[in-house]
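These notes open a run of structures that come right after.
One chain, chain A, appears in both complexes that follow, with chain B as partner in the first and chain C in the second.
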Partner chain A sequence: MTAFAHAAMEQLTDLLGKRLLTDQESAERYGVDWTKVWAPSPCAVALPETIDEVQQIVEIANEHGLHLVPSGGRTGLSAGAVAANNELVVAFDRMNKVLDFNEFDRAVTVQPGVVTQQLQEFAEEKGLFYPVDFASAGSSQIGGNIGTNAGGIKVIRYGMTRDWITGLKVVTGKGELLELNKGLIKNATGYDFRHLFIGSEGTLGFVVEATVKLTRQPKDLTCLVLGAPGFREVMKILHAFQQDIDLTAFEFFSDKAMAHVLAHGVPKPFDTECPFYCLLEFEQLSEQVGEQAMAIFEKCVEEGWVLDGVMSQSLQQLDQLWQLRERISESIAPHTPYKNDISVSIAKVPDFVEDVDTVVQDAYPDFEIVWFGHIGDGNMHLNILKPADLAKEDFFAKCNNVSKWVFEIVEKYNGSISAEHGVGMTKKPYLEYSRSPEEIACMKAVKQVFDPNNVMNPGKLFDV
Partner chain B sequence: MTAFAHAAMEQLTDLLGKRLLTDQESAERYGVDWTKVWAPSPCAVALPETIDEVQQIVEIANEHGLHLVPSGGRTGLSAGAVAANNELVVAFDRMNKVLDFNEFDRAVTVQPGVVTQQLQEFAEEKGLFYPVDFASAGSSQIGGNIGTNAGGIKVIRYGMTRDWITGLKVVTGKGELLELNKGLIKNATGYDFRHLFIGSEGTLGFVVEATVKLTRQPKDLTCLVLGAPGFREVMKILHAFQQDIDLTAFEFFSDKAMAHVLAHGVPKPFDTECPFYCLLEFEQLSEQVGEQAMAIFEKCVEEGWVLDGVMSQSLQQLDQLWQLRERISESIAPHTPYKNDISVSIAKVPDFVEDVDTVVQDAYPDFEIVWFGHIGDGNMHLNILKPADLAKEDFFAKCNNVSKWVFEIVEKYNGSISAEHGVGMTKKPYLEYSRSPEEIACMKAVKQVFDPNNVMNPGKLFDV
Partner chain C sequence: MKVLVPIKRVVDYNVKVRVKADNTGVDLANVKMAMNPFCEIAVEEAVRLKEKGVVTEIVAVSIGPKTAQEQLRTAMALGADRSILVETDEDVQPLGIAKALKAIVDEEKPELVILGKQAIDGDNNQTGQMLAALTGMPQGTFASEVNVADGKVKVTREIDGGLQTVELTLPAVVTTDLRLNEPRYASLPNIMKAKKKPLDTKTAADLGVDLTPRVTTVSVEAPAERQAGIIVGSVDELVEKLKNEAKVI
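And now, the complex of A and B:
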């Protein structure tokens, strides 16, 4: 440890006492996310309890050239919160309180360490609803959701995390506390830095407080699972329903995904085997809405867009049908899947999927490709399963080629190399497939404004 | 004219030919918005037809130190598009085409000069709906709406302009063309500069193309006009309805506003005179929703929150009731009103209004204060009428004091000095009441990134 580092550690110990963790176990626990490519190697873990402490940590970092990595629920999938290079992890587990609730604004102010599910439950207690929901809701934290602009399964109706944040307090890389937008709905007073910080992956500063809008609880959720002869028909189904019904979800999965999830023990929705399936959900606000949905369903059958289908008749059936979609990930997990999270504009999805299929199968005919995702917002999860007889290293080496091809196709279709997981370290080498050199140069210059000494999560998103 | 300016004009003439206007009439027409405080004095007006021409104009400006002012429909209320200091006005009237429509994404790509109403009508032709709507929709342009993040009367349900823009092409102050977010719903690849440009009032660059989401058309709109004994009861009415019904509008106006609009010839909704009125609107998607609304209405009467009320029974009645709110502005126009557009979080509105009333009436008991606005999103329009016997200059001198007091109260309630009209030149001196010195310093530094030579709309928002 250098003399500089010693001095920094001393100051941090004075500030945090036992809330500065230096043991190996803590380093390994707090220094990673759900990606396992980089080994955790932080110099220590800080557990601040107040905004003032966060500011002091940033000041110490600036003084001593210490690098800081924000840590929330550590459920990230892009190594955005991995501390692999002797950084100080700043974990928000101790800043996990709901600070304020306001029934007229339907707004709740929380610390960044509040877990997504804790916020969802708080909303429910108040007779309200926090609609951003995804698989890791039980451990992901609001601060991390904001850092990555988390999306999930209800984006078609409710949007991304971005759409629910009305106020942010951030500590910038300079140690300044900024209060952004103050929980207001309407505020036309210049640049909206709130939106700049949302999705910035901790590279500009720390989120230390957030005001979040809530909405009314959904009523009588109903879903349909439909089988379609092709991807183009799935698009027509989406279009037909959206004209009349406010969908709360529109998910799709391929026959291969269906086969895995059925083998995993989830009950079959109907007998007809189809190349593609979609699951759509809506609020059955009145009987009329249900009748309307049935009429559109029948029209889709007549047109040949739907081969078979089923509509939930109870909440229990709704949950059961959702398992067809939600349990795909775990059903393919034993096959060591290569995963990619990409998006294009909705209309381009069928061509995009076809192109990726062709390129991958031409090169690697023994690869099984499993598609599923949030088709209603153009977001697909590409999964490629490892053939049983292929060694892990060989598989991942081949998948590196796949990544390049996939991102080339993403670029061709003007899409995003990361729809919802973020860039972090895993997609950093590919950023130019989605953002132009001019844009990346602007990003670096903007980072310079808020974090001139590059103390905030360096090496993530881009290298300065 | 300096030699530099001569050279610039020559280059611009070579580029644009007759689309460079230098006559006095054009200068007066294009150099202003709806504010009339600053006299227009541009050096010329450019009417580009292509993105390439816009880029060349910016390059010429950088070369010769020419200042550029964007000009859309010129309906602004903060002098954000006024060219009072020999700037070159860049007007987008010739870039007014719909470029693309995609039914699956429900997305339309437009040039910045498309008029709001033109977009609304295009959406309607496609069986869809563009929901951002306000009084100047007939002449405001999309580019200007984006520059100011225009809001309007349906924000409670549909949000601001920001919420409908999925892609932006901008030409920065450096002349670079950036393609921001590309029409994607999900895109987690670093800083979302789209949101930085939205609401930046043309100080970072020109919007040269936008991709806009559309939604389904609203069905069976129904409204209620209710009279309440006080402002706190208005909040309770809002709360009661929002728990069960998705409101498309929740407007309020005071008894004084009602008196003016009735005197203006709009029919009375009911006989009971009340201190406050609200107008709320929703989609009556089924009979059940209508019954629900009636039940909540009755509950509000029982609780004493509502003194009287009426519900529209037809589209014609809906339109008539809306006139009570929409024609307030014109009904008070003859009284030379001082206007201010401010917001606080919704729960704070009653106290805020009371504080402003007290301060203004204490100092100027002869001033009539007329309140109305979008209470569902915390946005109030404060109007003070000129007493008939007070000279205009004296009135405006006193109103300057009022502005300062109002902004002090805004600051106390952590609100915004400009809810939806923007800062421009009119609110520039007051920006510190809503944004901290640190934030303003960051804004200036961010402007420097995109517009290092300060050619883009200088003197608006802040002075560099």
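And now, the complex of A and C:
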């Protein structure tokens, strides 16, 4: 440890006492997210309890050239919260309180360490609803959701995290505390920095407080699981339903994904085997909506777009049918899958999927490609399973080629190399496939404004 | 062979129920209702018996409000051939339901009545037994396996400490336990077909039964909230607390 680092650690110990963790176990726990590519190697873990402490940590970092990595639930899939280079992890676990609720604003002010599910449950207690939801809601924290602009399964209806944040308090890389937008709905006073910080992956500053708006609870959610003869038919089904019904979700998955999830013990929806399946969900606000859904289903069958389908008859069945989609990830986990999260505009999805299938299968015919995703918003999760007889290293080496080809196709279709998982370190080398050199230069210039000494999560998103 | 499947409309299993502020009951305003899960299992068993060729007709019946039609439609989408609603706005209780069912049994003369062992709202676990007593039919309760052959039904029952198999002469009453089968989903084509299947509505008066509740609810209260636990620092502290605070040793 250098003399500089020694001095920094001393100041941090004075500030935090026992809330500065330096043991190996904590380092390994707090230094990684769900990507297991980089070995965690932070210098220590700080557990601040107040905004003031966060500011002081940032000041110490600036003084001593210490690098900071923010840490929430660490459920990220792009290594945005990985500390592999002797950084100080700033974990928000202790800043996990709901601070204020206003029933007229239908807004709740929370600290960044509040777990997503905790916020959802708080909203429910108040007879309201926080609609941003995803598989990791039980561990992910609001601060991290904001840092990555988390999306999930209800984006088609409710949008991304960005759409629910009405106010932010952030500590910038200079240690300043900024209060952004103050929970207002209408505020036409120039640059809205709030949206710069949302999705910035902690590279500009750390979120230390957020005001989140809530909405009414959905009424009588009902879902259909439909089988389709092809991908283009899935798109036609989406179009047909969206004409008349406000869908709260539209998910698709391939026959291969279905096979894995059924083998995992989730009950089968129906016997007819189909190349593609979709799950769509809507509120049965009245009997009429149910009738309408049936009429659209009938039309889809007549047109040959749907081969078979079921409809949930209770919330319990709604939950069970959702498992067909939500448990795909864990059902393929034993096959060491390569994962990619990409998006294109909805109309381009079928061509995009076809192109990727062709390119991958031509090069590696023994790779099993499993597709699923939130097709209602153009977001697909590409998964490639490791053939059992291929060594892990060889598989991932080949997958690096796949990444490049996939991103070339993403670029061709004007899509995004990361729809909802962020860039972090895993996608940093590919940013240029989605962002122009001019844009990236602007991003770096913005970073310079808020974090001139590059102490905030350096090495993520892009290299300065 | 005709089978009768009584079903009940209850608060959806996934709804977190709340007690009304005046403690008169559970708040049912704007709450999602669904078919009782044990009834789903009963319907599924009847449908499987029909698919095996044992049963020729499935009649679903429900005693409850007009809206219970939804659950009867679901039963028909799952495979029931027709259904009967005994419409009432009374807060019906097991004895009343059993009497109504007896009247239906007298009319329909099914050889088998399959129903859930209990409904998840009242958790009474009485209707099947009362129906058996009123009709004089033999009963096989808590079924985890049902085999019908040669005018008899063999029912494997889940009892404390193991399984018991009883053989009943038809007609008989069977109540279903959780592990009897895994109910299927209602397919959309069948939901559409179910709309055209017959649904007869009757009243208690038609059947000549009195559905007036015999039991009065005095008060409904939510279970007491559990206190959060604490972590003690040492064995000594634990012993001290057990002795002086909990006073259990």
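As a working rule, the second predicted complex is superposed on the first by the 464 of 464 C-alpha atoms of A that agree within 3 Å, B and C clash if a C-alpha of one lies under 4 Å from a C-alpha of the other, contacts with A are read in each partner's own complex, and residues count from 1 in each chain.
One rule holds in what follows: a contact is a pair of C-beta atoms (placed from the backbone, for glycine too) under 8 Å apart; a residue touches a chain by one contact, two chains touch by 3 or more.
Computed from a predicted structure; not experimentally measured.
Once the two complexes are overlaid on the shared chain, A:Val37 sits clear of chain B and of chain C alike. Touch criterion met: A:Gly309 reaches chain C, while chain B stays clear of it. With both structures placed on the common chain, the touch criterion links A:Val464 to neither chain B nor chain C. More residues of chain A lie in contact with B than with the other chain of the pair chain B and chain C. Of the two partner chains, chain C is the only one touched by A:Val301; chain B is not.
After overlaying the two complexes on the shared chain, residue contacts for A:Phe270 are found with chain C alone; chain B is out of touch. In the superposition on chain A, contact is made by A:Glu103 with chain B only, not with chain C. Touch criterion met: A:Gln317 reaches chain C, while chain B stays clear of it.
By the touch criterion defined above, A:Asp220 lies against chain C but remains apart from chain B after alignment on the C-alpha atoms of chain A. With the contact threshold set out at the top, not one residue of chain A is in contact with chain B in one structure and with chain C in the other. Chain contact summary for the complex, chain C toward chain A: residues 12-15, 30, 32, 34-35, 37, 74, 77, 182, 185-189, 191-192. Residues of chain B touching chain A in their complex: 102-107, 127, 148-149, 151, 155, 159-160, 162-163, 172, 176-180, 182-193, 195-196, 198-201, 216, 235, 238-239, 242-244, 246, 285-289, 343-347, 374, 377-379, 414-423, 427, 431, 434-436, 438-440, 442-443, 445-446, 449-450, 461-462.
Those residues of chain A whose C-beta lies close enough to touch chain C in the complex are 219-220, 224-226, 267, 269-270, 294, 297-298, 301, 308-319, 321.
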